[in-house]
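Lettered A, B, C, D and E in written order, each chain numbered from 1.
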Amino acid sequence: MSVLLEAKNVSKLFGGLKAVSNFNMTINKGELVGLIGPNGAGKTTAFNLFTGVYQPTTGTISLDGKSLLGMKPSQITQRGIARTFQNIRLFSELSVLDNVKIAYHTHLNYNLLEAAFRVGRYMQQERQVEETGKELLKIFKLDDKVNEIAKNLPYGAQRRLEIARALATRPKLLLLDEPAAGMNPQETKELMEMIRWIKKEFALSILLIEHDMSLVMGICERIYVLEYGSIIAQGVPDEIKKDPEVIRAYLGEEA
Amino acid sequence: MNSLRKRDLKAIVISLIVFAIIQGLISSEFLDPFWQLNIIVICINIIMSVSLNLINGYTGQFSLGHAGFMAIGAYTGAVLSVNFHMPFIIGLIVAFAVAAIIGCLIGLPTMRLRGDYLAIATLGLGEIIRIVIMNVNYVGGAAGFMGIPKTTNFAWAFFVMLFVVFFIKNYVNSSYGRACVAIRENEIAAEAMGVNTTKYKVLAFTIGAGFAGVAGCLFAHTFYIIHPSSFTFLASFNYLIMIVMGGMGSITGSIAGAFILTTISALLSNWPELRMSIYALLLIGLMFYRPQGLFGNIELTSLPIFRHFKGGK
Amino acid sequence: MAIMLKMDDVNVFYGAIHAIKGINLEVDQGEIVTLIGANGAGKSTTLRTISGLLKPKTGTITFEDKIISGQPAHKIVEFGISQVPEGRRIFANMTVMENLELGAYVRTDKNGIKEDLKRVFKHFPRLAERKKQEAGTLSGGEQQMLAMGRALMSSPRLLLLDEPSMGLAPLLIKEIFEIIKDINKAGTTILLVEQNANMALSIANRAYVLETGKITLSGSAKELSNSEDVRKAYLGG
Amino acid sequence: GCGGQKSASDANTIKIGANFELTGNAANYGSAALDGLRLAVKEVNDAGGINGKTVELEEVDCKSEASEAANATTKLVTDKVSAIVGPATTGDVLASSPIVTDSKVPLIAPAATSPKVTVDDSGKVNPFIFRSCFIDPQQGDVMATFATKTLKVKTAAIYVDSSTDYSKSLGKVFKEKFEAAGGQVVDEEAFVQKDQDFKTTLTKIKAANPDVIFIPAYYEEVGKIVKQARELGITAPLLGTDGWDDNKVVDIAGADSLNNTFYSTHYSDQDKDVQNFIKLFQTANDGKSPNVFAALGYDAGKMLIEAIKQANSSDPQKIRDALENLKDIQVGTGTISMDKNHNPIKSAVIIEMKDGSKVMREKIAPES
Amino acid sequence: MGIMDQFLQQLINGISLGSIYALIALGYTMVYGIIKLINFAHGDIYMVGAYIGFFCITVMNWPVLPALLVSMLLTGILGMLIERFAYRPLRSAPRISVLITAIGVSFFLEYTMMYFVTPQPRTFPSILDDAAYHIGPFVINNQQIMIFAITIILMAILTYIVQYTKVGKAMRAVSFDNETAQLMGINSNRIISVTFGIGSALAAAAGVLVGIYYNSIDPLMGIMPGLKAFVAAVLGGIGILPGAAAGGIILGIIEALVSGFISSTFRDAAAFAILILVLLFKPTGLLGKNTNEKV
């Protein structure tokens, strides 16, 4: 197995607060990894560091062996990391299809004048985006809603759309931040199936943050546990479940 | 897809018909000079509002300095005609370029600001532009620039407007426009989709500023005279009102907003003392009646009646 | 037991969207009643309507024999209903103490307020430690505690809780549910909305199931947790 | 409004446009000049009109703004007036001038004193623009001479309104003449219309310690500047020009502050040449006394009426020709003739303010 | 006068000008803080305050203090009425429409006032004896002292109200989250109304003081100071009371120094330039907290 993402000794300070400290993580190609830990442990911050929203105070992060330091989020997306957000961030006034179309942004290369006068590469590329976009939505059972405004979708559909949109950027690594938040146990079960299927279908690696243990223990191949910005444990689900440190800090007794 | 171009073609034919009718009314002197002038002003205001809408409505960047760029275009155009005797078309092009370049230079640092902070910064920049002009004696300073030839006629105003509207319409319906709208909807998510938000914000600001410059050049050649006081932040408010009234994020809305407000203003000139009070009440009333603007963010042309016009979906 | 809250054929709209379609619901004095349902079923809408943040288009809500529907939100607090809103919504730029004081905004009985403050600190000792801290810097679980403490400061007879476990780590969820039970034992009636239906049913007396704005099932918490339909739809098994 | 083709001068009337600052910063000048013009028109109509035709005034407000002045003038020429009187101030006249030139309608500016009004930068006389007052080089000169000869000062500061051509050009003339007479300009400052606070700049001027301060400006700002200057403890004489000649200055600055100030203007009401006009005006206006700008408006009206009489036509072009050749006609402020630059030859006076009232210090006949 | 003396004299000039900006800015910031509205009509409320004061002093022949208080009271009520009838109906509308409404209200106040009092400036009578105190080479007059003192007093009262009283806490709560404030039992409409009242009364105080200081008022007098006050509020960090006061004074001083040492025609440009520079380095103003949206 080859390494896709590697974070070495990463720390992030907010003022005096060490949100992430000495963080080390590797994700291999094709892996599905979980990241758990108490509230405020620094999980989302880790995502933000991977995607260029924040720059690490110290340490290095690399994708496919190439450093991501100093890159803007948009550049990192072009390199192949896509994400969803803890609090859904759709383009809420736009149609479902437009949400996905925007994600193809980096794969379009007609220039400003071609766009303004609708000549050259414009027509052909626009047609292609429209078609691929619709196909993708079909996979996520959103094809009957292509023209609906995103904010009018039910919550679950919004979560699906956010994942579809992330996939449209054609990532190598997909980061999911609490995809099951606000879902009931049944909905969570369905989501679990979907994540498995995506990983296979799109042949990518996934890193996910989640507080719902049924999901995390159910699908993750490996799990990292964060507390106060530091990794306190890592391993396969069965090890993690039994780890006394994890039970003390996060799971609680009789987990 | 060819239907896209067909639609454009149809729209152009319709525009030509509109042009022919109005030009006929002017030539036959059915419209008196007052209204002839106002029709030109409407075209200029449409350019202003549509270009501002690209910045405010589509890209979601709250700019209150649009009149400043108009001033740049106006003074550039005026200097070229009066002091360098350049043909009008050169004036328009250079006005675009100068306003766009300054827009870009201003946009680069300020587009980092958000919301109301951006609004006040752009307002301030608009005022700075105006105050600098006020201190340049070469263009008449605070006393104004006089003796500009009256070159702008209805044909110039109309066709330049048509060009600008089509340019911006096609722009927003491309991946460029989608990037802008994505920024408006959620900047962080837009970045996560690979949209270089700074680039597209500055680009929208630059293009918007450039076309405001074009409008300014037309404006300068309409009234014989330009004056820094025509380009205060109150003028910028006026264009803002037009796009809000029409509906942010709707080009047809901006056109309607510019048309309606300019016409109302002109009609009210019959009651000079009460004109502004009535105007103010109308404004407030319209906001109560339709807070999201007349068209919201929907294009008039996407309403059902217009569908078959466009050749269907 | 006396009926404390009663919703009678209540309909709520967001513009044209018919979010709540003729709900009938009762909460008795001293109970924990839970409202479960899928995303967007209308659970929060129901609570917001009771609190007066939304006005029902038709139907009435009665609280302790007074009709409260149509009253503004700040009046309803005075009647004795307090809500812990979805997502906590603490006043992040104020201190913990100031948040708690705002909770007691409608009250004038200085001694009563002091009593209740003590009570809150007993339930949530961690808040007592952090009186002076700016609320926005609290951890997620602490913020949830503050939101509940703040609601208790108005000394409500009915407490509405909207997804108190959302986004919390498993350990904290357990803690919060323990506290809810304590509060109820101390005499406050509770209407609880939860996605975490297993937990909710485990502490509730009775439950209602809400589906796209309608109540489709109701009964004792035990009955519902054993119901095949409920388990399939909401409990993940 | 729509279809505004109002009847042009027809068989029985001659229509004259009156375009004045009725609101805005220079409203007092405009309204005064219009009062004077109305008086002239009333007189001729009472006397049976011009060759049987009544003179009709179409009055428009240029709001003391250049662009509005252009709009208002456009409206007048659209309504086919035979000639236009006004606006009062230089800037507004300059804004109107290309329009009347394009449509070949003569315009008489009653009070616009900048030379640019009638003669452009290249020295070409604008065929359609005339005036009924003296010009700025004259009053700039008068004040510079007064400063050096009468007040015997060595240094001056100049504080101009950079938003008016009037003020800017006067500042220039004064500087030239003052330096030519051996004086030294120690500080030059500018403000713009509608400024409220002048103290900061006045502090700077005070630091330069000039013997006099020359402030060619309009009444609103003059009043505030004088007041704030005195508040700052500036005791030096303040010099001004015809823009000072409005009672508003006294209202704002207060009589005390105005002591030790001097300005040039068109006449003094103690002057015997104008007594006749003053009486006429008082009778027509319930005893209200005119100011200089009413007189200039009256003069403009008189000149225009005389030109129409001589042209015996309501044709703008013919009226223009007649205006160009006016000679020795009797107007409110004396007898005047039009020179080749479309300027009448008039004398200037210097007024000193003493406890709120005007005292004539000098009357300077034009050098010709 | 040496350069240092000149500098100090300009500082005095700047502080008195800045105190006026500060007074107007306080109201701006309060209103912004509570409903996130850039109340462009605020400058015109200040104008109305000046006219009411003018009326009291010239027509009713009242002394300054009662005129000031009555003007504050009536203008405060006007502010509440405007909020009630123009802004409250749009509480759930997009912010930009409320902004346009505010511009509408601004035009309405300006031109309706103009219709009744004519556009011509009115001259305030000199009522305070403008005794000037010469301290060495500097001059301070009564009015400058009075403006500064009134500003400081009002500012202190206001800070006390907002920080320590129940109403003040309610204001902060409504400002942070209107809906949740209602869940605390706060009648947010009433609180918003009170905020408008106080803000408008402060503007009225500034209006009367300016009338006395510059002794000239006109219906459009509010436009520029209104804008400057807004700039001052943003400079200090909008929504923050001490920020508004500091912003106002700083702005006044900058303007004075620029006109004193560079050129008064660049005064406004310099004010805006400083604002923009500050924002580029501190996007939420001098005293503002950096509240970057948490991702």
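Keep this in mind: a contact is a pair of C-beta atoms (placed from the backbone, for glycine too) under 8 Å apart; a residue touches a chain by one contact, two chains touch by 3 or more.
From a predicted model like this one, the values you see are computed outputs, not experimental measurements.
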- Query: Minimal path length between subunit C and subunit D through chains that touch?
  - Reply: 2
- Query: Which chains are in contact with both subunit B and subunit C?
  - Reply: A, E
- Max Cα-centre separation from subunit E goes to chain A
- Report the chain whose mean Cα position is at the greatest distance from that of subunit C. D
- Item | Selected pair, greater C-beta contact count between C-E and B-E | B-E
- Message: Just the number, please: Cα centre separation of subunit A and subunit D in whole Å.
- Response: 75
- Counting in whole Å, what is the centre-to-centre distance of subunit A and subunit C, each centre being its mean C-alpha position? 32
- Message: Centroid from C-alpha atoms only, then distance subunit A to subunit B, rounded to Å. What do you get?
- Response: 40
- Expected list for subunit E, residues touching two or more other chains, is 263, 265, 295
- Where subunit D touches two or more other chains, by residue: 162, 192
- List, in ascending order, every residue of subunit B touching at least 2 other chains. 134-135, 142, 188
- Message: Using the touch definition from the top, list the residues of subunit D that touch subunit B in their complex.
- Response: 1-5, 61, 65-67, 70-71, 74-75, 78, 91, 94-95, 97-99, 102, 162-165, 168, 192-193
- Using the touch definition up top, name the residues of subunit E that touch subunit B in the complex. 32, 36, 38, 40, 86, 89-90, 93-94, 96-101, 103-108, 110-112, 114-115, 223, 227, 230-231, 234, 238, 263, 265-266, 268-269, 272-273, 275-276, 279-280, 283-285, 293, 295
- Would you tell me which residues of subunit E are touching subunit D in their complex? 1, 5-6, 9-10, 13-14, 17, 118-121, 123, 126, 130, 132, 134, 139, 141, 210, 214-216, 221, 224-225, 255-256, 259-261, 263-265, 267
- Could you pull out which subunit B residues touch subunit A in their complex? 1, 4-5, 8, 167, 170-171, 174-179, 181-182, 185-186, 188-197, 203, 297
- Of all residues in subunit C, which touch subunit E in the complex? 51-53, 72-74, 77-78, 82-83, 85, 89, 91-94, 98, 101-103, 105-106, 150-151, 154
